[in-house]
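Below are two complexes that have chain A in common, paired first with chain B and then with chain C.
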Partner chain A sequence: MADQPPRAAGRTLAGFAVFALVLLVVVPLALASQPYWLTVFSNAALLALGSLGVWLTFSIGRINIAQGAFTLVGGYVTAILATRYGISFWVCLPLSAAVAALVGGLVGWPILRLRGVYFSMITLSLTSTAGLLFLNGGALTHGAEGINNIPRPAVLSSNLAFYLASAVLLLLGTAVIWRFAHSRLGYVFRSMRQNEDLAWSLGIDVARYRILAFVVSSAMGGIVGAMFAISQQSIFPSSYTVNDSVTFMLYCFLGGLDYVAGPVFGAFLLVIAFQLLSAIESYQALLYGVFMIGCMLLRPNGLLSLVLAPPGAEQSS
Partner chain B sequence: MSILAVERVTRRFGGLVAVNDVSLAVEPGMIFTVIGPNGAGKSTLFKVIAGFLAPTSGTVRFAGETISGLKPHIIARKGLVRTFQETTVFKEMTALENVVIGHHMRARSGDLGVLFGLPAARAEEARFRETAAEILTYLGLGHVLHERARNLPHGYLRALGIALALASEPRVLLLDEPFAGMNPEETDQAVRMVRGIRDRGVTVLLVEHDMSAVMRISDRILVLNFGNRIAEGTPAEIQSDPAVIDAYLGQADDMVGL
Partner chain C sequence: MLAVRPVPLAQGVPMTQALVDGCVLSANYALIALGITLIFSIMNLLNFAHGQMLMIGGFMVYYVYGVFHLPFALGLLAAALVLGLIGAGFERFLFRRVLRVATREENSMLLAVGTALLLENVALFLFGEKQRGVPETVSGVVQFAGAFLPYQRLEVFLVALVLILGLLYFVQYTRPGRAMRALAQDRDAARLMGVNVDRTAMMGFAIGAGLAGLAGGLLVTVQGVNAGIGTDISIKAFIMIMIGGAGVVGGAILGAVVLGFAESIGYAYLPGSLTYLLIFLALILFLVIRPRGIMGHPWG
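Now for the complex of A and B:
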């Protein structure tokens, strides 16, 4: 935060600069002639963006397994607006975020009163509910056929351009979430996770802030959905399933819930590992499971806790 | 005019009447204490006053305005702040961070200003950290500012809980058993602290079991038993009240300190 010890603030800025450099310069240079791997990195960047949102809901103490529903919403908004009304993607993208945010607010308002496993169970069911709604959306969504031929804007037609757009969105998202976590709002969010009643008693409007967290998370899901919609150029009710929602959550757990970088790290690690492991495809799920269980047992605070000190406890010097 | 008035408040839990038709009036600048045996309804009364529970009937007025039925954070913003009997602090945060959170309702900069780190919001944040450090130093916690609350000894946690509430600059502070689990030395210190808070102009409403501390510190005492108000008066009056002695009969003598 603003008055963090200067060295820590400087380190964070340096870390962010390195991250930006790797995403925007190193990766494009290294993979310029490997369109397949560029796509893998685009996917990783977008999935990381989605998990960053989920991470924000974690920070208020809610395990959110609904992100797939919001990517679906964002994807359909872009698909419908672009194919039916010929609206430019650059208008569709913010609208996808806005509609996903609105849905997040409306759904979040009642369900965020629930805590713990009750909240998680409800969010778990949201993804399939969203899928069903789009399946039965009539002429608007074309049921199981989905929406095809979603136009991709000309500037994003190359894999490199699409990757760069994804990377920029991820950087922006990381910056926003980092500010959330390290400003006084982050204190407020963490206080709600630790003791909601005490937060209320200190004048914090817990209901408002938990909706804020959920709405921001949902908006990020909407952006991810819009980007994938133009990358696949089609969307179906089954484009995102409960599995995807769970995966968004797992990236956070894997990287570490205490760090903003956690979900980003987790997403890149798993997406890339998945590609490398695809050679031994039949064992993929097994290896994946063993790996996850191992991580949870050995590093319950996420892999980043190997190299980073726990946050919050700032150095006094 | 009383700063806080509880008028014929009843609170039921199913068949159980936890607070039965209780009234009280607290004048500004007082230390007003509610005592009573375990389960007498003291914490329930506090929760009703602070808006964490709705009264089954009756009203609570703060500075003349009816506050029963308002949400706790609205009541807190009006200047009536409560600490908890059980957990009083955010365990995973440092002492300083805890007290910075306590400043929340004094914040004037909007969420967006805070999010984007606008100059006004930054200045405010810096001010909060300064006064947080001041409050902690005042309460004798100056040397553990950056220690995580979970690592602090019990006595410190109580003080930290009070620091947290003080940071919000309440007009009335509700303290639920602030001396519980303290040794006599710590209690003495805490008694001085509560007096100091009152001397800063904060009206204090206290629930406490430690009778010797209660008798030393209180301006007025209300006694509850099974949800009923059985006596009210100065410490001297309460100590000689037959109904009170009756209610405490069978309790250990040092509990009562009569």
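Now for the complex of A and C:
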């Protein structure tokens, strides 16, 4: 924040406060008696959280199509720990994030050396690998049958409580990512996106920072997976496929890759729009394709570029 | 998931059977890998919709040959033409514009992902969800050294081989082929030498897409087709490219041979979905050692 003009920082803070107010007060008050819509908003909040992670990997110049894999990892960690060992969800949730982060770190170390299309190809394959891994997990994952009857903690049994938990997680995630993007680290990430070799030559430990970004992204995927696991109370190897990884990416693009608010805006817009237009819901995937193409042709910097100036405009050289 | 298993093999099949299957599979995969490599090297663009294009090619043969009972060759021709038109249209109306104005590399890639979603869902809408197959074009089986080779697969193998050789000749020795190679090496220099860059790029995209259509048309005779196979095929194409190296013709063929044999041997000796799990894990380990594939150029 120190490197921003105070007025801009104040505006962002005010924006965040309004966002928090809407999520935590306005939405619950407006939808308290409509459990179905609360579920829709919970889904949107969780998908937005997953997209925020993908956004962070975009900020280091990597096209990450692996978020579905980490959602799957997080979901299975919670499912296995809760059903086999009866461990409380409040322990499972951070553990899901930790395991997803660990997997992200181990897998990320080799594959983050790849750039451009190579990285997106391997992350895409990673989503399939995760599905196959859980399919072949034997007694631990029950193969294609998946794990059912995942207990939902009593505190979160109502739709309202689950929504509030999702909203709080999203707010925390947004704050973390915003802090990342607007600190020294944000500049490091942007310099890596523009020219990794140049950043490296300036003494930036590129390898460490890109793993950091990927690990944070994976941890957020793990949290999303854990939350969806208790909301659906079941998980299968095919719960998250390549299409889900692509969807996470689409939310980022639709909102705009230059703004932290981009993935949040994109996720809420698409999830809610499709609920409102339930008549066209069966064409959802088709329309996602049309949105992606239209977005690239007409608004390559995302929908938020209609109302917001590109960040860094005031300090660009 | 990825298990589009050609012929069910019992445990303890002779090695020769796995090798014969590997040959047929490799030739088919080489068609896929060459198409995606052609587009990648000319446009510097990864065609995410390649698997979906293959699927549409399969449906073309299903309708022309399977439903309307016209000659199989006509079906293949229809597949190549329809996909060629789709490819040319994509280049002309979508990618040309976006590649020109794009400020970030991600833009063209997301556009490619969008076209994949679009094709898959249009196909789902037009052709439905059912698995479709076609009757044999030639019947009979030849047996040697303990391995069975249906004539159908022999035909697929030979047609694929002829197409691969034809493509290599076209790229190496003809005028438009040379223009494409020039474009792949240096776009600006090619333009200065009088190459019509726009037309050549469109032709390259059309040929790449047409090859996907032909591969799909051949594959439908042995594996059948359904609207959902696209993503898995694209992933296979990506594996081949990552093994061989992106944008290199030799690498594409090498990657196809490696994957074809790995898959046929794996399916012969391992339980179903384990094969691809091992292939993925081996791929990640391989990329640790050689991030740009066997024959690829260093990135950037």
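Everything below uses one rule, namely that the second predicted complex is superposed on the first by the 302 of 317 C-alpha atoms of A that agree within 3 Å, B and C clash if a C-alpha of one lies under 4 Å from a C-alpha of the other, contacts with A are read in each partner's own complex, and residues count from 1 in each chain.
Basically, a residue touches a chain if its C-beta (ideal position, glycine included) is under 8 Å from a C-beta of that chain, and two chains touch if they have at least 3 such contacts.
Please read all numbers here as calculations on a predicted model, not as lab measurements.
J.: Put chain B and chain C onto chain A via the superposition and say whether they clash or fit.
T.: fit
J.: Now for A:188: first (chain B), second (chain C), both, or neither, which partner does it touch?
T.: The first partner, chain B, only.
J.: Counting touched residues of chain A, say whether chain B or chain C comes out ahead.
T.: C
J.: Once the shared chain is lined up, is A:16 touching chain B (first), chain C (second), both, or neither of them?
T.: After superposing on A, A:16 lies clear of both chain B and chain C.
J.: Using the superposed model, give me the angle at chain A's CA centre between the CA centres of chain B and chain C, as a multiple of 10 °.
T.: For this superposed arrangement the angle is about 80 degrees.
J.: Considering only touches as defined above, state whether A:37 meets chain B (first), chain C (second), both or neither.
T.: After superposing on A, A:37 lies clear of both chain B and chain C.
J.: Is A:206 contacted by the first partner chain B, the second partner chain C, both or neither?
T.: Only chain B; A:206 stays clear of chain C.
J.: Where does A:274 make contact in the superposed view: on chain B (first), on chain C (second), on both, or on neither?
T.: neither
J.: Minimum C-alpha distance between chain B and chain C after superposition, to be given in whole Å.
T.: Taking the overlay as described at the top, chain B lies 10 Å from chain C at its nearest C-alpha.
J.: Same chain A residues contacting chain B and chain C, which ones?
T.: 197
J.: Please name which positions on chain B make contact with chain A in the complex.
T.: 50, 52, 71-73, 76-77, 81-84, 87-94, 97, 100-102, 104-105, 107, 111, 114-117, 121-122, 125-126, 128-129, 145-146, 148, 164-165, 168
J.: Any idea which chain A residues touch chain C in the complex?
T.: Residues 58, 63, 107, 110-111, 113-118, 120-122, 124-126, 128-129, 131-133, 135-136, 197, 238, 241-243, 246, 249-250, 253, 257, 283, 285-286, 288-293, 295-297, 300-301 of chain A touch chain C in their complex.
J.: Mind pulling up the chain A residues that touch chain B in the complex?
T.: Chain A residues touching chain B: 1-3, 176, 179-180, 183-185, 187-188, 190-191, 194-195, 197-206, 212, 312-316.
J.: Which residues of chain C touch chain A in the complex?
T.: 1-2, 40, 46, 94, 97-98, 101-111, 113-122, 125, 231-232, 235, 238-239, 241-242, 246, 273-274, 276-277, 280-281, 283-285, 287-288, 291-292, 299-300
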